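Below: a set of structures, written as structure tokens.
Note that subunit A is present in both complexes that follow, paired respectively with subunit B and with subunit C.
== the complex of A and B ==
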């Protein structure tokens, strides 16, 4: 067992009450999420955080751990280096209580890019096939695994300064739909992505989103790909 | 406070950018002294021969290198290259290679401009 000092943010509804430090004992393979559970069970039952799957699939437990947005369930305490761990709520999102944040701003932006599939030919009964070596398969490789954890949204420096900005996850989602040969909502998405203040042009290529994504999605690549594509919109309209 | 390389890179780009802009104004102001005659220009240039300004020139070199190298990195990223290795590109390509170039340029500037200056 290793003894850690876990410093967690306290507060609710946007009113910060600073940080509180707890002494927590963890085994070698235990995660930051285990530390949060220990705090709740052994020290303060009112301490609030969110989690669901505990295996890095749902993205619910994303938080700022030692200043970097990560999934608490996938971050072993021993790999952080040092015996002091600081856990803050995910930046750029309103705090509900302690570490739990509201994902509303994230999903508000997500909805703006028409994230759902809109078939080009809804009446078609023909089975759509996407070959292995097709453009869609090539461009979407490694980009389809987003779990909407909000880590990229929290790490984005532009998002910190602009409430209007779509954020990396929504842009990546829009890119996936735009390159999908079966999808038809091109104009709706392009009109949002091409906006000067909210769209892809706001990205400063900091690569923070790519660096923190727990699924290893190269989100900045999606953004820069769209920037280049929007210079020649016909390439997005012509999906053939 | 988010502790990521991307934030440091953008902060460096902003600081060096503002520094270069200040230098540009200073440069234009000095050159403008030519319009007031050779004596006014010589007097303006004489100020830059002090050790303090020599150190400023070394800082200017650092700013130019960092700004240029980071700018090239951003351009390369914009073209869709080396997207998954930006941290390494920044650490080795911008900070590492920039530091080597800086030492190669700053050492003679310091030696001949400050230590062995007449």
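== the complex of A and C ==
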């Protein structure tokens, strides 16, 4: 058992009530999510945060932990170094209560890039062959695992200043659709990605998003790949 | 009643996992106005945790496979208590549901010649599981979600439904509240599809999402629908046992499918010691043959680690009980040993099982390419649920449908791995299709304001009471109780005690107190889950008590054998007029001559 001082943000509907510190005892290898549960169960039943799967697959419990957006369920208390843990809601999203934020701005941006599949040949029943070494397989490697947790959105320096910027997750989604040889909706995505203020050009390549992604998605690479591709739009239109 | 926000739809879908989304997509495509409400955020349903894949007899990897073999495997796995018509529909339609997902943008792993790759799984005779690495559920959810958003389906997130509404005998919609502000919402609908998943949170150790509180089963029960097969709860043999925070989290069967073996603390592969008679002819009798099987040798038989889940789970319990367990009360699951067989084994393991690799590395501080994992049984799935018509998925309440885990019938006494994702899609689609058809054939039902008012009053009552027990304590006592007394090994006296405890917890739940206001109040949310948890727990214990034999997911220490007489019956649960729970034996749905023939030819 190790005793931690866990400092958590309190507040509701965008009004902060500062932080409150709880003493929490954790066993070896326990996570920040365990600490949050202990607070709720043993100290204050009204303390609010979200979680669903407990294992880093659903992306519900992202929070700013010691200043860095990450999944509470996947963050062992011991890796944080020190006995003080500070948990805040994800930045750049409106607070509903305590650690729980509204994901609406995140999903609004997600929707803008036409995230769904738009087949080039809607009538075709032929199963596409996408060989192992193909361009799609090469470029999509490690980028298909997004769990829409919002950590990148919270870590992004540009998102902090710009409500209109798409943010890393939505851009990565757009890239996956654009490189998919089966998909045909190029122009609508390009027109959004190419926007001066909302599109990929806002990225400062600070790599914050890549740094924090719990799935290890190289988001900055997706964004800069799109920046280069937008200079030669024909490369996006020609999927062969 | 005018004070509550009211919505009108043709079809209301409750739950946004695989079954709910697929139902919504289908109902919307049929031209009806559809709303999906979900307790969690969109895309966070338990389905995203499904790793292994979805079973569909596409015969891409082994051309001997067909719907007939899949049907026979499913019936055998379910110990012939399945609804054979559902097993038939499922086996026939699953391949189309896989291909359709591809048409909507999913991309399954491929064979060398570019077809959809299929992997081995317990109880399936041939490699049958279409998969996307080990994140098949995530790909499925994301595909359906984006497809549904594009169709213009009305998605309302973080809505908890507290009751179904009726207009006479038929369904009229549902009433709930939004978690964010605690405002009541009334949904008037011609048809309602329940797709709320399972009941894992009734137990202390579970692989399930924390939203899995048996809502659909309980809502249906109170609305007059019947529950079936509730005694059959599947305990997945391999959950993490350490560290404590992730107790119960699943270690996919895919590990065993890729060659992972189970050993006790003596280093023995104990699964070879106990192979059930009816599986002996299809199970390898030596390690070498087992390895050849997982590497695709068609002449080899599967290793005993890939026997059905209930059997593997009980073998693990036995090893632990008899003192041959691992340090934290499990056994060892080892995939690292394949370095003896495969060049560059660490890379191979990481490629085949990336999520597992990261899960153990991050949470357990264990490198599975180098050392074995510690695993033990965890509550994983409920085979029972709402009794529905095999073709339409409608319950006995007109207009009330159920699909996926919250419905019963397909899996009988035990579900095969991989048959869940296919279940969601096959029957989610059917529920959506028939719900739309139903909605088109009826007028908009009337809303009954006393029902709405009563539900609202009951929902806010915990705020008005002082000094009652807190919701977390009640929930935790129930979970401990179910784990100890109605878990993997059951006995008459223990289940009787479980029922007594449930009765006392019901009384406490009726007097539960919560504090604060209605805005995102986790204590209140937990209080609102209690009725569902207690209802499904009672159903499990009552049905478990009645079935005096061991079969599939239901194991009785006091009746350890299978009883042929009991093989002729399902157990059906309904709410009696006096509000008590009625438990009845009902004859199973018989197989047709053709079904029997298929079973015989695949013996």
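For this structure, a couple of remarks:
Rule of thumb we're sticking to: the second predicted complex is superposed on the first by the 240 of 240 C-alpha atoms of A that agree within 3 Å, B and C clash if a C-alpha of one lies under 4 Å from a C-alpha of the other, contacts with A are read in each partner's own complex, and residues count from 1 in each chain.
Keep this in mind: a residue touches a chain if its C-beta (ideal position, glycine included) is under 8 Å from a C-beta of that chain, and two chains touch if they have at least 3 such contacts.
All figures in this text were calculated on a predicted structure; none of them were measured in a lab.
Annotation: superposed three-chain arrangement on subunit A; subunit B versus subunit C shows no clash, the two fitting side by side. When the two complexes are overlaid on their common chain A, residue A:97 makes contact with subunit C while staying clear of subunit B. In the overlay built on the shared chain, the residue A:23 is in contact with neither subunit B nor subunit C. Of the two partner chains, neither subunit B nor subunit C is touched by A:187. In the superposed model, A:108 makes contact with neither subunit B nor subunit C. Once both structures are fitted onto chain A, a short way to say it is that subunit B and subunit C open up an angle of 160° at subunit A, using Cα centres and rounding to the nearest 10.
Taking subunit B and subunit C in turn and counting the residues of subunit A each one touches, the greater count comes from C.
With both structures placed on the common chain, the touch criterion links A:210 to subunit B but leaves subunit C unconnected.
By the touch criterion stated above, A:157 is placed in contact with subunit B alone, subunit C being left untouched.
When the shared chain is aligned, subunit C comes close enough to touch A:58, but subunit B does not. The gap separating subunit B from subunit C at its narrowest, counted between C-alpha atoms of the superposed chains, is 18 angstrom.
No residue of subunit A is contacted both by subunit B in one complex and by subunit C in the other. Of all residues in subunit A, only 12-13, 27-31, 33-34, 40-41, 45-60, 73-74, 76, 96-98, 100, 102-103, 107, 111, 115-117, 119, 125, 127-132, 144-148, 177, 180, 182-183 touch subunit C in the complex they form. Chain contact summary for the complex, subunit A toward subunit B: residues 64, 66-69, 91, 154-155, 157, 160, 204-208, 210-212, 218, 220-221, 224-225, 227-228.
Taken in their complex, subunit C has these residues touching subunit A: 40-46, 48-49, 99, 102-105, 107, 110, 114-116, 132, 135, 138-139, 142-143, 146-147, 149-150, 180, 209-211, 242-246, 249-250, 355, 358-359, 362-365, 470-472, 514-516, 519-523. The residues of subunit B lying in touch with subunit A in their complex are 1-7, 9-10, 74, 77-80, 83-84, 86-87.
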